[in-house]
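One chain, subunit A, appears in both complexes that follow, with subunit B as partner in the first and subunit C in the second.
Right, the complex of A and B next:
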């Protein structure tokens, strides 16, 4: 049995729990449709004369296209149209061009060179899915097979084949300067020199499929007002709309996208491949066109969570404090960027994990290889490195002989600490999570660790930005001429220094444009941090062989403070039983009663309330729209 | 053959929102003729409960019952712009936009009621049950429905509001990596108990005990569903899933759910969850997104528990029986690391 408890006793003076609707277990507005199978998904919209699109895909990791012969396919039964690269009005894009990040580098349909197994070189539109598949099999493509590279570190070598000609060094260009993203805070070499132990590790995760039950797909149809409607499974409606408008060189106002009920996304439905292809099909044929991935495409052509390889090097003091941590990371982007470049920025801001370490450095590479492009998935940019960090923390704990939970609490970040991306930590709660998880599992931790709080012991010297060692290793293209070490700081000819305390201006949310939009602070339920973090200069970072940071020792929490988890005795730990499921959940309010079910008696066979109508012909509505399959 | 018990720990934090900002979302709120409220969005409900959470946020902000609020979303002709449902940005960004839109609509609502009751709008409050009353004088009251009818058919007012939430883009320093990422962090820690069979290499997760800090559980049932499902995904990632089992070699690639392994219903792990709520200042009612982060701590906690059970460090995911067995053989057998 599983159980859930809500620890309302923790941080309770930072919250007003007496809100009307927030915090109530309200039933979903759409759940009845979901559990009875009536919610319309994109594929439940029926169109008269619907055509089906399928892609001809590369069988090679890497090959030049000499020629494409579609003659036989065009004469096959049911084939309406063959779509080639030349039919795509603006056939070069990168997803993040919508936020001006990266260069256009991926074609919707390839015509010169394929860079992964499954890359589309043509699409067939036919009366039926079967006919489209048969015609795809009849397209003859003459390939000149090229050398390929599948390992991200091999892709960095000077003799590796060029995967993506827009990025001829097989790495994404960061800031028009480096072939990787740097993070530098303090001096890791100094930290390693001061350390009693050096702990190193390498971690690797393989690509993972988002595995939605509903595969990616879209249906596009011409509307009578010179627009195109597109029903889609997208996770990002305007992302897909904007990408389609760009690739098809079409005013976005001519596109009408409808989505919103999706059979699972998990990140794989941001890539906006099916929408431009189905709309292009509708433009070329003047008829409704569906492009839906089958399961094989979803798993092997649809972009997965990409593989990552991480190396971590820690300098650790005898008492378990981590003095320096260096990362070298390789994101295997596959053949095109999609969203990997951005995940690396997100990841760099996340390092070194939820810990306060005085010296941190990282080099993270977005590497192109001859495999299916990678993209977003739940935990994007973080899941792989968190695996590495947390496995590594256990190695550190073993090295210094500490309880792994106590090691985390000792190094945990706290309110007021400076993070390596040079912004202060606030609203932290790692220590409390560690304490509660230990308590629930009956894994005992020492009294010092039990006393700690995220509210205390942070700031002071821990809020200061140290003098930082920088380097200019890994300029764009440098690595292709001669080998350059990938780890931070290594092999750098020119070292530089950034003065202690150097910090730019933090970005804050845009203010509401009108005061009428500003909610009364008394109605937000937010009460603010219960205390300003205690700041004791310098002492906090000096060696201290107790678990307690100096600041906490200097300013013990007043008895009234609800911060640290009050631990039961250790015998109670062992016997603590989880409460029954949802025992502490607020009672269901009357407003959340399930709506009456407007159903026919179960004894009668299902029959639609009214017969399906066909051939709807209202102004502005697609003349092909003929109702929904389920109501 | 022996089955060895192991216990592992991991803790994490997770950034909420698109890392470098620049990701706006908008919302529109308007009253129907009889005082129900429509929230128009173009955000996507992936099953995570986007529609439900924005509905509760709108109802709370307006001061009306949740049953009087409907969310209409994801039609690009009627819903204003939203960047999308990814990067844990839905609750945070869209929720904030809905608060702004509903706040403006509430102001119009109270002004219309003030005209009917002949008082100042600032003296009015809602009871959350569909009524508006004079503060301190609960008998001087008017229903939201009557207010909406009066406003739209007598006074000529629209009860509507606009909202947008944007964190402007942040630059990144190429040499130091200085930047202003995201806006708040969710937290988690968990303990995994499992068994490793040293003859087959098979790992069976027995129990998870966890603590997740989510800012505020805007809807406790949706939070519960996310955390249970997320931990399932974490187990699946740790032990089963990959599209390239011999990465970077591309052979043996699965193309369907017969070869792409995931835990079935019989392998759902017992999971005891504690939810902590430390509200974030800039998040809607303090709520952070719990959905994305909740799988992350499970992966390393399982790897650490496998080491505790048999002394095998499996630093390469997924932790398949083949990998465990090969490492066991290399180690000369299981080396249990002691009871935790």
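Right, the complex of A and C next:
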């Protein structure tokens, strides 16, 4: 069941999907509040005795902290409290730990090493914003400046400085196996050999700041019954609540989070940095505390859409058909993961763009550099590579001497085609888009291109999964020992094969870290997908000598493809107690493309040293949700 | 804490100068800084009635602008029509209602486009102690200047002798990538005594002596201005900032100067 169907199932009575809006004037639902100045923002809430929090931030890209001297700051007028790393109860987190994806690796306040300019090393709570600023300026931090790395490919070299000690190879670990996300579909080498032209290109984009008019911020205050209320600008209220509960080691039932109007989010208000700090301030002082970024902070430490670099290699037939396409992608995550790891999973499911190409391969790297951590922004994970793909399509059109719109229609995906991540394409409309764009812009296309339709010509042989060549180059840590080429298939000692028609390596979500996180259908009212992932029979895999079979990025098969039910026993927990089927659903947001789990993991999956939060201890209910969901 | 002191005269205000003290003109830069916690400001001095220093008047071949005259005041005065394009290039309507002539002279890079025009028009300042001072001399030492400006007198150019161009990334009212003001008096079709000033190409608005010298005696056509365009790089060493690198500014400065001198793309 795709995420869209999942949504329809759960929210069927809340939203009308029969939209008839195009071409009609529609009033935004929030516009009356905006134009009359009545939309309430978090900063519109007034509190008696409000305190202000500001951060002392790193002036260096990369430096070890020798000492922090707050003596003078503590004695300054108006200063109520200096907050250091030791005041944060559980000072290590990664945002996606809430869905069991990635290792805890970022501190709310640093005490050992800073890895980007603006990383917080202390926070000051004072009577006024100005007093807090003056006290921040009086904090003396002794830094030992370290070498830094700002380019993702330089960060991959074996002698690059270690940005993030939890990931000593400067890359996010995918599936406990590779230092990048692999996607393999067919055999690109064969496609290149059959092609008349090889077209190569390199494309890159810089980070983009979401630049909301309302900067990120939150006000937290003690409430009755030992609870804390937090008014926040967040665009992901329960994400922020869960993150706060974890970092502060506090039951989520003690947190009363109130969102509301977001003064511009665009992806820049999901990182949940301001809420934990303001609630911590309220806990430490017993008074209302506001933590609001100023414009400089929003631009300097507000996580942007990360920089990306892409190399695309196409094998193209004389008539314009693209026979093979290989991608090498680098996402600059900055110093910490935030959401970049997930962007790459989503991106890999999108490749090779809205085209049906019989042979596709990609290696996408989530690289740590000493830059501001990157996070979500509109079209997250897709926008950068789409820019590269469409530039490259023009280059291909030029090479083969075809009208660029006709080239796109020729290669467009159609309903029923198999995408490389092994989902059937549906609701495709690229052809119609191209036709309308050509018509509106007065760009002439041939009669044949005009006759094409996304509804026709798809499926059949185009719905088949080809025999797929795999490799296991680029295992975690390999690049630290010696240079390994980054392009797909290069640097592999040997190749493996996955038989045609096979889904690939079965996928299940990472096992729940704690027993009470297993979703209980009886309580949630949701029974999960109607079928479970296919397991490849061992006979289907040609062993790749002594190496693990390479993971082809593959999603659970569509519901119409029934398969054996047994998920791989890849964790002790699952061996001890098989979870109900619903546990195999990866929670949102990466539900569309959960990570591949190797058939025989080299080691046990990552598990944090201590479970987080003391949330509501009720079976079937997330620790981070204090209320119960609708049933 | 920021304290506010209100005084009756400019002389009182000047007497209040000191560490952490700032004089409030239109407040478009000062109050933005204060709202964002500018730690250099702990005391603001303001005039009770700035209107007395907000006049615009004609003085023979010159015009006199009160230091507290706003960009909106300039735009309303027919006496200074030649400065309307310059005033309109400063901020949006809300900024122009507040931003003052005197404040513009002290506006840090990349702001201060109005001062660029004043510099080209041979502006002379009347200071709070009654002395006269050339704008150029004040700009060279404005970081340490403790006097305040009472009024500014600038030349009134003839015909289309005065030209101004502001180059921005954001249209129509971004901060300057660069701005250029040129006063080009002509005798028998040839330039005589040109003054050319650049904004956002140095820490303060600056004149370009090599360009001015290269324009002496030439006619305003492609051949005539060639040497002046080549001289631009000799006079300027622009800074990097978030709007443009110094390299970029230096590369495009001759292009924009050419457009200004040949009347292409002036506003």
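Everything below uses one rule, namely that the second predicted complex is superposed on the first by the 473 of 631 C-alpha atoms of A that agree within 3 Å, B and C clash if a C-alpha of one lies under 4 Å from a C-alpha of the other, contacts with A are read in each partner's own complex, and residues count from 1 in each chain.
Throughout what follows, a residue touches a chain if its C-beta (ideal position, glycine included) is under 8 Å from a C-beta of that chain, and two chains touch if they have at least 3 such contacts.
Given the structure is predicted, the values throughout are model-derived calculations rather than measurements.
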Partner chain(s) touched by A:313 [first = subunit B, second = subunit C, both, neither]: neither
Contacts of A:21 with subunit B and subunit C, given as first, second, both or neither: first
Partner chain in contact with A:113 - subunit B first, subunit C second, else both or neither: neither
Partner chain(s) touched by A:45 [first = subunit B, second = subunit C, both, neither]: neither
First (subunit B), second (subunit C), both or neither touched by A:422: first
Subunit B versus subunit C as contact partner of A:130, first or second or both or neither: second
First, second, both or neither for A:296, with subunit B first and subunit C second: both
Subunit C versus subunit B, contacts on subunit A by residue: B
Which superposed partner A:437 touches (first subunit B, second subunit C, both, neither): first
Common interface residues of subunit A - those touching subunit B in one complex and subunit C in the other: 295-296
Subunit A-facing residues of subunit C, complex: 1-2, 36-37, 39
Of all residues in subunit A, those that touch subunit C in their complex: 128-131, 133-134, 137, 294-296
